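Going by the order they are written in, the chains are A, B, C and D; count residues from 1 in each one.
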């Protein structure tokens, strides 16, 4: 009690001192929905990476092409089982300690031990050798450098861990160091004057997590926040009419998708899944709910994934009559209340979704209304998203609506492999396995022959379009509002960085 | 020398209905005016009209001069400036007139400081002096809840007169006080004209008027019936109403005829009663017989009400026994209360209440109506709620209600202290009649020795338990 | 004076006893309810930790292993109680950090907000309640009554965004959200305060009406005090008593309202943390937060008791 | 005071002329709400779940007298459907909170002593228990179930009834009129009916009116933290949460469920005794 009171008093004191430097215009405030409550890269890595506090061995540009990060180059052995990462020299952590192979190995080994991406790679060992980081694999895995660019493989300083190896501080090598951290709402950043690369133009930055879209829109409109990420559709529409700010929407490799339990007797025929797909009002959803009409997802992979998105693929359509016909072919007959029945069973299913992305329950409601038209009774259960992997594991899931990010790593193969590889995945196919897809994915994961890779990618994309183990609904846009005087803002479609270090204020 | 108060053709209206007046009078410095009349006669309206504290729904007409200044045409704010400085007001119920959260010294000293505009030191000194003269020493730091009624009246007196206002209005200043304190307050009031001040006292008690002297107005239902010198009116009233008011003074009551007594219905042996941890009295013995009229008297705070509760079996005695006669049914003892409206469920019609009781005890409704008729209550009244009939009527209805359960004993706790003298007399007479007719024993608690002497067959005076102080 | 201290001690003892009862009940109830929740705790905790992009069944299994969630419930409860007896609230299951650390920072902010809300509600309710109490049944009174009903029916989040729009976006008087300084406290405090004042202004009004209808008020006037002095010296003090008591009752609702307002204004408070902890099935955090909130309520009520005792010198039983 | 005795007629008159007007208005509103709740969307024959994604957030028109929401659903139909759910479940929560609260309050005041102390301490402990915790957990135990949601809300609301009843009943039961009735042989049932109910009833109804508002805004608040939303149910509180994102584009939409709630509270309030608190 006493302690917290003194905390309150301390806040009151700092409060009086704080606003002075907010006016000097060498600072920005960023608002975004994601709260940070942990020092752990496995948990908070995304924000730490985006704020450029910590860096990866491997970096990526906006197109997803890999480029040197803390490692200057990386090579795979002939058999593809050993990778060597040569580290940048003279890099120091924010606390002044040197960045070296030992530090990198410590960080990566921990990341490998945590649930997360690295665990999905066939790694057998991570070691420091002659100042290099050497990763040994069980099977060839071409996406390893891309994995090394992932948010969970950022490199904290050894001092960021306590004696038990638990992360307890935010110390990295990036262009910004943390000056204050108030979980879960805010992180204050200070320019890293000893940064190895080009130093940031701004002196300070503040990150504010504002969970509600309404709050973020108001922050943008009032100018309290200079850049606001992830606006809701209504807020985005409104802000595009505000003079002092610019709004921008960048297509990102995230897609709202419908996971269907293909093992369920209702859905084990691809025709059933096609019928569901035909009854999705993609256009209406894209216009009315997400409000980017061009983002109706007529195939799974969004245009932002330029290698995986196909211009030639047969686009998915909306056609209720066709859907009804398909279902009738499968033996479904409309009952008295208009709901289909087959062998005495009603076509009544439950859709699981979650409220963390506010558009998901809305889309689910739209599906509910539309599917009633073709005779499917849909119960919408809005709960924790963990219900989806849980339902996948115990087989109780019918359909699930969620947002899947295929841009977690610059190369989406890791995610695609998880989703459509052998046995399907928690956030991918369920009760569905296609040997051709499995084989093609195996090739994509292990070959470095770009042409062969592309052929197999096309095969996968086409098969997914026909079989629809996961039915795409809409693609996402990364929506941002930016103060008109703020220059140098680069919106990263892969959402790896807020681009803080490049920003500066226009002189007026 | 001008008069302190001059009132010309004062009337008080509620809409178009005249509630009081017209009255005209004047009082000079050193003079006293007593306004007498029964409850509801509009006595208080005169005081309120002079002060300017009439409820918003009421309107005064006529002229009022205070120290030769026309007061009724002043703005409310200007008028309020007269309060405390030109007119002091002694409240009806001093206990309720004192701020319950402020110590008595503070309530007086703030008047010295903020009304008389003394410096804090002078105010303290003046307050100290007032406490000494009023023999309130020791009560300075007490809260109103810790003051006795008489002390509260004196504290209120000290506060009201702090700014030495030459005029004192006292509205029923003796209400609820026992005989001893009663006379002390009257002494205090009588000093005002002696010191050159002006006193306007409102009372329904002829004895109070007699002691204060001066001039007098008698009001009946808002109309002036008599005006003149107090002693003259009291000695030779010209109006029959004044006469009946005087007759209603218990002092002038005829002594009642002794009752014919039946069997013993209640035996009390060596009873002592406590409130909290404080023993109120002890060694109380009583042998109550059918048809007996017993009066219990004693100073306030002695525990008369508590004793009744013990007799009624509502309270466990500290020691001793209360033995009911076996013939007494469970509901054989009934009570009458001091404040009749408080004794009825107030949101229910009277007939509902009476019918509940009649149904419970299988009493024929006609019998109830018969009792009511005897008590002079029209059955039409029963459709009203308790707050829609007068206190006298309600007390009679409560007698009828008690009779419905055919009690053998009626415990009456100051049943007429809130009633005006004429009603009091009637009500007690009816009670006596009923006791005689139905062979009911009545225990009447009263603080008025006269009532006890004139009305009861015998009187028991309670005295405090020896160890208790205060 | 001595019996004043005695009565303070009585209050302290009573509230102290209440604190112990509350601690035990809150701990057991929150534990029992967490146990009763459907679904697999490991999945929920993993979800809370890793977010929907990174959470999967494998992560859930890792969490299960790490936290020993397979232990029978009585072992877990016993462990928690044992730790509690040593004033150790354990570590957050989701974040791994000590619960005490999490709560310590957030509680400070929540207390600030709660305090600000009470001040704001009094700033609104007192003038409004006194004005209507002095003019009961007037037009003003009726308007305020209608306004109270309206403000009672508007959800806090809607009120919050409207306040932000007017005072932060249009008038630029206060910041929209965040917690940089005292200026950040104003809007969230008023958002909460208006909701509280919607009811408490009527309590103030009724208390003032009662006080104004009292005999002692009239006597204070007729003994010569001006209306203003009577109000200041007698009426307000007497009217304060039911109001302060009511503030005590409101505290319980306040603690809940805090959650919404914290979310709208991106304020790092304990209510927000509680909601997240429940969603993330973070039993240690839920218990710790619930315990803190419960004890906070007791502590604040203790303040109310003492305030009442300060206002009212009469000796009263608790 | 003395003057109230002298002018009973005037006093009663001023009150009685004002009271019925407010009461009539109150009863009329209550009746209207009851019709809306019983008839539901059937009154206007429009399906409250029918969407039109190409006509969202439209202003009032002939086809949609109150406009359409963010999914192009008819607002009038949704408000009527919401009236059904909100009012019946507000009633439920008022009953489930009010009955035990009142009964325990009377018990506490009636018996006094240890019963009173234990119940008082229990109520205090419940108040100290964050109500939000109870509600959220109950909502989590049976996700999507309205009944648990409202049961949870009433679990936190009963204390208010308890406190009020206990305090008032204590005063009423100490009244000489109760003692008189007891001496006259009235049993507990009659005492409650003749003394307690008439005395504390109006106050309880006022609490209930505000309690109904609390229940609905609590549902809104829970929706705000993403609890208890199961589309396409129309409920006023849920509608408030759902329409919040569109508050700039279509402020008239979010105001509609708020207005419905205001009318409900005012209606109950007016019908139990005008604008006066008992």
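Points to keep in mind about this one:
Rule of thumb we're sticking to: a residue touches a chain if its C-beta (ideal position, glycine included) is under 8 Å from a C-beta of that chain, and two chains touch if they have at least 3 such contacts.
Computed from a predicted model, the values in this text were never measured in an experiment.
Fewest steps needed to get from subunit A to subunit C, stepping only to touching chains, is 1. Most remote chain with respect to subunit A, judged by CA-atom centres, is B. By count of C-beta pairs in contact, C-D exceeds the other of the chain pairs C-D and A-D.
Averaging the CA coordinates per chain and comparing them to the mean over all protein CA atoms picks out C as nearest. Put simply, the C-alpha centre of subunit A and that of subunit B have 84 angstrom between them. Mean C-alpha position of subunit C lies 22 Å from that of subunit D.
For the pair subunit A and subunit D, the distance between C-alpha centroids works out to 44 Å. Each chain gets one centre point, the mean of its Cα atoms, and the points for subunit B and subunit C are 49 Å apart.
Within subunit B, the positions touching two or more other chains are listed as 92.
Contacts with at least two other chains are made by residues 157, 161, 165, 215, 263, 295 of subunit C. In subunit D, 1, 143, 244, 247-248 are the positions where the chain touches two or more neighbouring chains simultaneously. Screening every pair of chains for touch gives A-C, A-D, B-C, B-D, C-D. Residue ranges on subunit B touching subunit C, taken from their complex, read 51, 53, 77, 80, 83-85, 87-89, 91-93, 96-103, 110-111, 114-115, 143, 145, 156, 159-160, 162-163, 165. Listing the residues of subunit B that touch subunit D in their complex gives 14-15, 17, 19, 39-40, 42, 44-45, 48, 54-55, 57-58, 92, 171-172, 312, 314, 330-331, 333-335, 337, 339, 342-348, 352-353, 356-357, 360-361, 387-388, 391, 398, 401-402, 404-405. The residues of subunit A lying in touch with subunit D in their complex are 213-214, 217, 232-235, 237-238, 281, 284-285, 287-289, 355-356, 358, 361-362, 364-366, 368-370, 380-383. The touching residues of subunit A, counted against subunit C in their complex, run 1, 3-8, 10-12, 14-16, 18-19, 22, 29, 31, 37-38, 40, 42-43, 46, 114-117, 119, 152, 166, 182-186, 206, 208-212, 214-215, 218-219, 221-222, 224-225, 354, 356, 384-387, 389-390, 392-393, 402-403, 405, 408, 418, 425-427.
Residues of subunit D touching subunit A in their complex: 49-51, 53-54, 56, 70-72, 143-144, 226, 229-232, 244-249.
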